[in-house]
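What follows is chain A paired twice: with chain B in the first complex and chain C in the second.
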Partner chain A sequence: MDPVLSIRDLSLDFETPPGPVHALRNVSLEVPRNHIVGIVGESGSGKSTVIAAAMRLLANNAVIRGGEVIFNGRDVLGMNQEELRALRGEEISMVFQDPMTSQIPVLTIGRQMTDIQYRRRNVSMAEKRNLAVEMMRRVGISDPEERLDQHPHQFSGGMRQRIAIAMALLMNPQLLIADEPTTALDVTMEAQIIHLLRELKESFEGSILFVSHNLGLIAELCDYVVVMYAGEVVEQGSVEDLFYRASHPYTQALLECDPARIEDATPALPTIPGDVPDLHIVPQGCVFAPRCPRAVARCREEPAQIATIGAGHRARCHLLGHE
Partner chain B sequence: MSELLEVEGLRVRFRTSGALRAVARREDDPWIDAVLDVSFRMREGETLALVGESGSGKTTLGRAIIGLVRAQSGSIRFEGSELRGLGDRAYKAYRREIAMMFQDPVASLSPRRTVRGQIREPFEVHKSAERDGEAEVRRLMDLVGLPHNFVGRFPHELSGGQARRVGVARALALSPKLIIADEPTAGLDVSVQGEVLNLMSGLQSRFGMSYLVITHNLPVVRHTSNRIAIMYLGRFVEQGTTATIFRSPAHPYTEALLGAVPRPDPRRRRKTVSIEGEVPSLKMRPRGCEFHPRCPYAQERCRHETPATTRLEEGHLVRCHFPLGNGHRTS
Partner chain C sequence: MLNYTLRRLGLSIVIVSVAMSILFLMIHLVPGDPVTIALGPRATPEMREAYRARMGLDQPIHIQYVVFFANALRGDLGQDVFSQRAVTRIISEQLPHTAALVAAAIGWSALLGIVLGCFSAVHRNSFFDKFTGVITVGAIAVPSFVVSLYSLLIFAVMLKVLPAIGAGEPGDLVDQAQHLILPSFALGLGWVGYIARLVRASMLEVMGENYIRSARSYGLLERTVIYSYALKVAILPTVTLLGVGIGNLLSGALFAEIVFARPGIGKLIYDMVITRNYPVVQGAVLVTTALFVLCAMIADLVNASLDPRVRASL
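Let's turn to the complex of A and B:
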């Protein structure tokens, strides 16, 4: 079956006064139907830019240099405003990082949840409200009938993130994009939200694109993983490939750094020395070479090519040979 | 080793509405207890981690120790002197000895001062007889691993990790004996987290100061602290050595917090959630044991009777009627 979302060779710059920032370079990834794909990367890796491009929510200074974004066989980059309106919220919806700012503070939750259904013209107001009640119940909010008349500030952060998920699923989207949905929450609430997403995934027909910097959450939730570094996809594969057969030195270093993976107490935690490169000038060789413990002369001279390690498991590294 | 800090029965209350409004609304108790009946000791050179969910009172406790919020009752003794109830001027003298690193590395720096200005500020505030201001700034930048050419940069020109290093340099400036670090690694990438923690432990082995680390991140404190105190609704529900807390937690809440940490291993996915619901409002503390509404092991007694703190072994304290590990552990 066709993937629901397919991004091919996407390159994107941000125009800034000192010159363009080459924020994404030849990014390719796919979200298969009925699966959860995770994008993991540190700040500045371009993971949020990828999803902004998928929904065409890019800032005005973004310039797409090449590549395509195909959603259900249609080219998202070529869509006009009207087509985009039909796409967003209905076919693709999104849960944002900060639940405290993603709802309208002056409208009740019920009003916001019925407004989202504005395209359902032949559905009565009462029926829309019933759908909202049903969805609130599914995300674990008790007394939804009464709580629909409350305003966002009357809910806790965790509840608001549940409501954001309820709103995102209300129109039965084929793709749900969740951008760091638990970063602002406590670890206990985080575990509950992850559990909820997994449960909802069982019952709704759709895919999830989950963006996070937290490897633990990626391992818990995702079927496939895409690792990004400095605007490039450096490795992708199944969740087992990534956690048991990590091949790119960056993926390996990232896994080593996660304190949750270190069972024995150690006074010196592993780190990745050096800084993320300034993307005004893209390094001539492999982007990770300046920080890579295994870099050889060739890594600094030629850009790395994609190597296939196994079925669906690819990494962009000189040391892994060519396709 | 001598006791550096002794906190006994500390209580911090906040008013939730003004006196007149409370009367008008017929609220008989317009107060909440953010910190309640907290007692602990810290020795020189030790790292104690305060762990809890948001609203557990961990930041308030840290701020009460350095005198940024006033404690209503109890005592805070630092090297034997009582700090609670001191006025601002008297407290200031102790803030040379106790420094604080605030949450959010960038926002806790003044946006209008350069790195040089940020690091000099503690000397200015405390009118420290500066030997050579510029040399001090360079010495501190070396200690925290900031290149000298950063001296003229403003906070917005720094990454999160670099801004955190400036925060460490400021805390270190007056050679304090205790540094209160509020979420020192929150918002930093994992690779940078390690750098900041390694820096902090390196400085500790060199200068021997103590750290009170406030955090919600258990994996981080596992590698950096000697002891851990778990807070819930303003109280300490358990305290013990780091090894004990991780190996044999006695309070069901501690066990739940440990269970909520996501495991970076796709073959060990959790099927169930270790703890349901969320922290109740401080305005409506549950009766009996305050954790009972969320506790998977709660029994009748827990609903009515408030548990006292009991000592399981030397240094391992728990506030629970039925501590785990006595035949109650299920997993």
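Let's turn to the complex of A and C:
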């Protein structure tokens, strides 16, 4: 079956006063139907930019340099405003990072949830409200009838994220994009939201593209994982591939730094030395070479090519191609 | 909402009481004898004594303070020194003229200012935005008496299409409305600028908020996002500005009232200060202060009805 979303060779710059930032370079990834795909990477790796590009919710200074974003066989990058509006909400929708600022503060949740259903022309207001009540119940809000008349500030962060998920799923989209949906929440809430997402994936029969920097969440929730570094996909594969057979030195380093995997008490947590490169000037060789413990001369001179490790498991590294 | 209204009303009463106390103290603490100021240096001692007794100025100060409050609560703000007419009556004759002028001025400037500001924000950096930017800043910079004089010169003297001075025939609403056009234009022009700049700035801020991005991610129509969502949040500071603006203009319409020779509160205070008619000045200042507090309170209540977060505070 066709993937629901397929991004091929996407390159994107942000125009800034000192010059363009090459934020994405030849990014390719696929979201298969009825699966959960995770994108993992440090801050500034371009993971949020990829998903913003998938919905065309990019900042004004973003310039797409090449590639395509295919959703259900249609090119999202070629869509006009009208087509994009039809796509958003109805076919792809999104849950954002900060639940405290995701809803309009001056309108009731019920009003916002009926507004989202404006395309259901033959459905009465009472029926739209019932659908909203049902969706609120599905995401675990108790007393939804009464709570629909409340305003966003009357809900806690965890509940607001549940409501954001309810709003995103209201039109039964085929793809839900979740951009670090638990980063702003405490650990208990985080576990609940992850549980909810997994439950919803079963009941609403769609795919989820889940963005996080938390490897534990990715391992728990996702079927496939895409690892991004400095605007490139460095490794992708099934969750088993990534966690048991990590091939790219960056993925390996990330796993070593995950506090959840460190068993012995250490005076200092391990880190990857160095910083994410400044993407005004893209390095000539592999982007990770300056921080890579295994880099050889060739890594600094030539861009790394994608090497296939197994079925669906690929990594962008010089050391892998010739093994 | 009822709870908020009651608390806000209580706060207003406290503010007016404090303002009244300050007004009372200012009158009694400023150097110089009020009697001499009122009657002039050549009044006879008998006249002074009679005046002092009539105004209650021979009483101890705390008694005067209580009497001042009690009288004000009964609606008695004293009498005109010369005509002996009740101050409340004089004010109530002038107030409708000022109220009509301020309502007309703020009314048209709010409508135009909100539309211009909103449009500028939506079409940010367009030619229209830059053009209105220049025009609105210009409108703020030109003093209202200059606008008054030139609009008088152009429309009343040269073109002769609108009446020049006065408030129109009593009872003739069409005539009174025609007399309102020029002064309300002159008074409101600067406000178009203020309101347009404020609406533009707060619209731009709100359009950058996460909830607007979320609303777009649900595929909502752009007009829903802008006019039903963004404008509803962005209008809140403007409501506050309008409340303060109306309150301010009630005594600040002075220039327009003088240039167009209209009756009104500003003109009244001006005339009475010139003739040292103390009780009228005091009464008029008190009434405009109370109205100012009232306008600010109404603005807050409107804000509270628009923004549930405000209702939860205070």
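FYI, the second predicted complex is superposed on the first by the 321 of 323 C-alpha atoms of A that agree within 3 Å, B and C clash if a C-alpha of one lies under 4 Å from a C-alpha of the other, contacts with A are read in each partner's own complex, and residues count from 1 in each chain.
Everything that follows uses one rule, which is that a contact is a pair of C-beta atoms (placed from the backbone, for glycine too) under 8 Å apart; a residue touches a chain by one contact, two chains touch by 3 or more.
Since the model is a prediction, treat every value here as computed from it, not as a measurement.
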item	value
Contacts of A:Tyr118 with chain B and chain C, given as first, second, both or neither	second
First (chain B), second (chain C), both or neither touched by A:Thr188	first
Touching partner for A:Val133 - first (chain B), second (chain C), both, neither	neither
Touched partner set for A:Glu90, first chain B, second chain C, both or neither	second
Contacts of A:Asn214 with chain B and chain C, given as first, second, both or neither	first
Which superposed partner A:Leu29 touches (first chain B, second chain C, both, neither)	neither
Chain A residues touched by each partner, larger count belonging to chain B or chain C	B
Partner chain A, residues of chain B touching it in the complex	53-54, 159-160, 189-195, 197-198, 201, 216-220, 222-224, 242-243, 256-257, 259-267, 269-270, 272-276, 278
Residue ranges of chain A touching chain B (in the complex, touch as defined)	42-43, 156-159, 186-192, 194-195, 213-220, 239-240, 243, 253-255, 257-262, 265-272, 275
Residues on chain C engaged by chain A in the complex (per definition of touch)	209-211, 213-222, 224, 228-229, 232-233, 306-309, 312
Chain C partner contacts - residues on chain A that touch it in the complex	55, 57, 81, 84-90, 93-94, 96, 98, 101-107, 115-116, 118-119, 151, 153-154, 164, 167-168, 170-171
